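By written order: A, B and C. Residues from 1 in each chain.
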Amino acid sequence: MSLLSVDNLTIGYQTKKGLLRAVDKISFRLEKGGSLGFVGESGCGKTTIGMALMGLLPDNAEILGGHIRFQDRDLVSLTEIEWQQVRGAKIAMIFQAAMNALNPVFPVDEQVKEAIVTHQPDISDSDLTDRMKELFDLVDIPIGRMKNYPHEYSGGMKQRAVIAMALACNPALIIADEPTTALDVIVQDQILREIKTVQQKTRTGLIFISHDIAVVASVCEQICVMYAGQIVETGTRKEVFKSPRHPYTRTLLGSYLSLDNLNDIQVPDMKETPDQLSDDGECRFSSSCAACNKKCAHSSPDWIDISPTHKAFCCNPEMIRRGHGKS
Amino acid sequence: MLNKYFVSRFYKGWQIFIRNPLGKTGVIILGVFMIMAVASFLVPLIDPMYDPMTGIDPDIKLSTGPSFTHWLGTDNVGRDILAQLLEGAKVAFIVGLSSAFFSIVIGTLIGMIAGYAGGLVDAFLMRIADIIMVLPSLVILLILASLFGQFNIWIIVFIIAIMRWPAVSRVIRSQTLSLKHRPFIEASRVAGASHIRIVLRHIMPNVLPLAFLYMTFRVTSAILVEAALSFLGFGDPSQVSWGMMLQWVWKSGHMFQAPYWLIPPGLCISLLTLAFYMLGRAMDEVLDPRLRKEGQAE
Amino acid sequence: MAKPGYILLKLVEVGVIFFVILTALFFLFRLSPGDPISKMVDPMLTPEDMAHLIQQMGLDRPMWEQYLIYVKNFFTGHFGVSFHYGEPVANIIVDKLKWTILLFTTSTFLAAVVGVFLGKIAAWHKGSRLDNVMSISALVCYTLFIPWFALLLLWILGFKLGLFPLGGVLSPALWISNAPLIVRILDVLHHLMLPLMTLFVINLGSYLLLMRSSMLSVLREDYILTARAKGLSEKVIRNKHAARNAALPVITSVGLSLAFSINGGALTEQIFTWPGIGRELIFAVSNNDYPLAQACFLLIALVVLCANLIVDLLYAWLDPRITY
């Protein structure tokens, strides 16, 4: 039984111009203790997925269809009260902490304690203290700094505090949304290592959301590449990173210039913004795709299997299966 | 070319402004008062009996209620209350607008100088602004009245302006500070423009819309302070202002017997203040895009 | 958290500002038209008393000496003799100060507490009918003209309905007859009601609106999302996480609106003949009693500065990010 299984999930936002499909018929699975990364540029819908998995979608967003099953429970139909019991306890979220994720007027230890006490109101004082120590040790924050205020922490420490807060109740699933984006590179590296270690130690499921494919590949076993609300390619980290098949994935990876592929992979201009209002089945990447041809205008993209774990969403099966040049 | 840009921006701003319920209501109320102010010029021409200050109805010796000849009744000397109310509208506009105007002129100049010059000049000017901002204007006016005697309306206007510029200057100063480091200012400096030229030609036009926004708030406080001063008996005795009317109804002991005399002036002061405040808030929304409701296009 | 250095700095600031005001007043006095001696010393006094006062206030000395004597006199409580009362000013104003402080602190405190509470609710139910009603009422309250509103209350609640006394701070009969303390206290409270209501309503409007907008911007902050993600209930998020942060700008605004409150307080005292220093100032100015007016003014300035100081310190205590 998968920890999390999402089928045909569609989420729309009410905008002035109409219903914007931020997430369009997404399906994926996550096993217990597994790690799955969502990569894509801003607006591709990855954060929306994260929010939907926490029941934190804004007021003008709506789940239009599909299922989310978590530990054999349907999440789409949960009420707010039921969500409050799930959030923090069973599913937790790690935000970008460099900004304002911690409340400035309360000391850090109080905020972490709050996470524990909310879901375990009968916990004894000694158990609470032990658990706090455990958590702070786990994320490498010195015990002596526990009672400080958030503004007295460095960016990396704040992020670690947020991680501790998410782990407080031993959730089965953690969703990390751009947790390292605002940190400088060295700290970023430390935090990523931290997340990986913690996840493997505690066997917690991890969903990692980022625009940076290199970051995602270093932490997650599985990767889903997203564009305009749809998953365009999914596979193990090795498969997606080393032999990307979908033109968009190749564009993403090609945007990283390195000394050995300067001449190989072209970085095309991204033309118009994709059309996320219609449900006509047209390929949304077609206006920016270097491999787009007449055939794409007449057919709808579909899933093409490359290996048992690797598949892509495109109109052109031959191109996908063939792959390109170096792997 | 520059003008067309400003005009289109202004028009867009106006659209947002007028759609805002506060802006709409404010403009309507303001319109009514403006009509009143204009009417105040014409009414005494109908019959000298209606002159707010000197017009006494020969048939009436004491305060009477509303009647056909006197729509709001008369005060205790026989003067028409409605005529006084119209005159009060005129005075309120004059006091409010000119005091606000002076305070934004002073405040903008000081704000720009402080923001642009920086350092000691900035610190010094802002300290003075802080001190003035803390002081209650009415109390200051009272002690000045005790030292220098009765003031005429223009002195009052000017003193209020002096008490009110600090708030404007703070806002202008921070705006100037953010403008100071923009590339186009650097470019002008490199091109050899003098400081004065930079301040007047480049900073001032960018800072003025904000100044006008704050003007609306200054208007309300000027009207209120003048009204309070007149109410206490220290206003200009040659002007019929709404505050003065309240003073008369109070001092003559009619406040419990003459609601038609007590209610209108205070109501007008409150409504006019409300109108200007609403205007200010609606303008706020025009100038700060973050405050706009969702669905309003840029 | 507020450190001793911060408190000291603020105290010094207050001292300096007060000195500036004290000095400015001195120069304005000298610049004003008329003879300074006749302004400060009642010509109706006996020649000996006059001479004594002139000497005490240094009015016959050169400017420099006069200034120093003036400053010294202020701090030793020698404010001259009131023309009207014929008594040393110091005796008069000390008596009045307590009434002003009573009215001022109770009205500000109540208005702030209720305003913050209602503003929090209004923000939470943003866009609903409740919110619209509260916001518009607050707006109306905010723009009411104080003397007019006070007169209306006086007329309707005092005169027509007879619920409250028409002025003063106590009923003379009770005090002459030496009634028990609790009765006298209730009597004072009874007299306090109308002026308190006036100031409460006016100030409530601004605190409500401010708390509402502060709350709305706090609710957009990231840490509110974090709190939700932790599984906290809406009530806890609203009251513990949001309100605490949203209340901080309101406290700052209490400080900024002190000037406005003092103005309003003076007007209210005047209408309800509440014997505070605001009313005394107005009285002194109307009666050309300059020694009294000057002392009242300086005392009011001091009260304003101290109130500002208290607000600053309160803010520093509540916001852990402020350190010096």
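As a convention for this text, a contact is a pair of C-beta atoms (placed from the backbone, for glycine too) under 8 Å apart; a residue touches a chain by one contact, two chains touch by 3 or more.
Predicted, not measured: the structure shown is a model, and the values here were computed from it.
The largest tally of C-beta contacts between two chains is found for B-C.
Of all chains, the one whose mean C-alpha position sits at the greatest distance from that of chain B is A. Averaging C-alpha coordinates per chain places the centre of chain B 24 Å away from that of chain C.
With each centre defined as the average position of its C-alpha atoms, the distance from chain A to chain B rounds to 54 Å. Put simply, chain C touches chain B in their complex at residues 17, 20-21, 25, 28-29, 32-33, 139-140, 142-149, 151-152, 154-155, 159-160, 256, 258-260, 262-263, 266-267, 270-271, 278, 281-282, 284-286, 288, 290, 293-294, 297, 300-301, 304-305, 308. Note for the complex: chain B touches chain C at residues 131, 133-139, 142-149, 220, 224-225, 227-228, 231-234, 243, 246, 250, 255-256, 259, 262-263, 265-267, 269-271, 273-274, 277-278.
Chain C makes touch with chain A in their complex at residues 221-223, 225-234, 236, 241, 244-245, 248, 318-321. On chain A, the positions that touch chain C within their shared complex are 54, 56, 80, 83-89, 92-93, 95-96, 99-105, 107, 114-115, 118-119, 149, 151, 162, 165.
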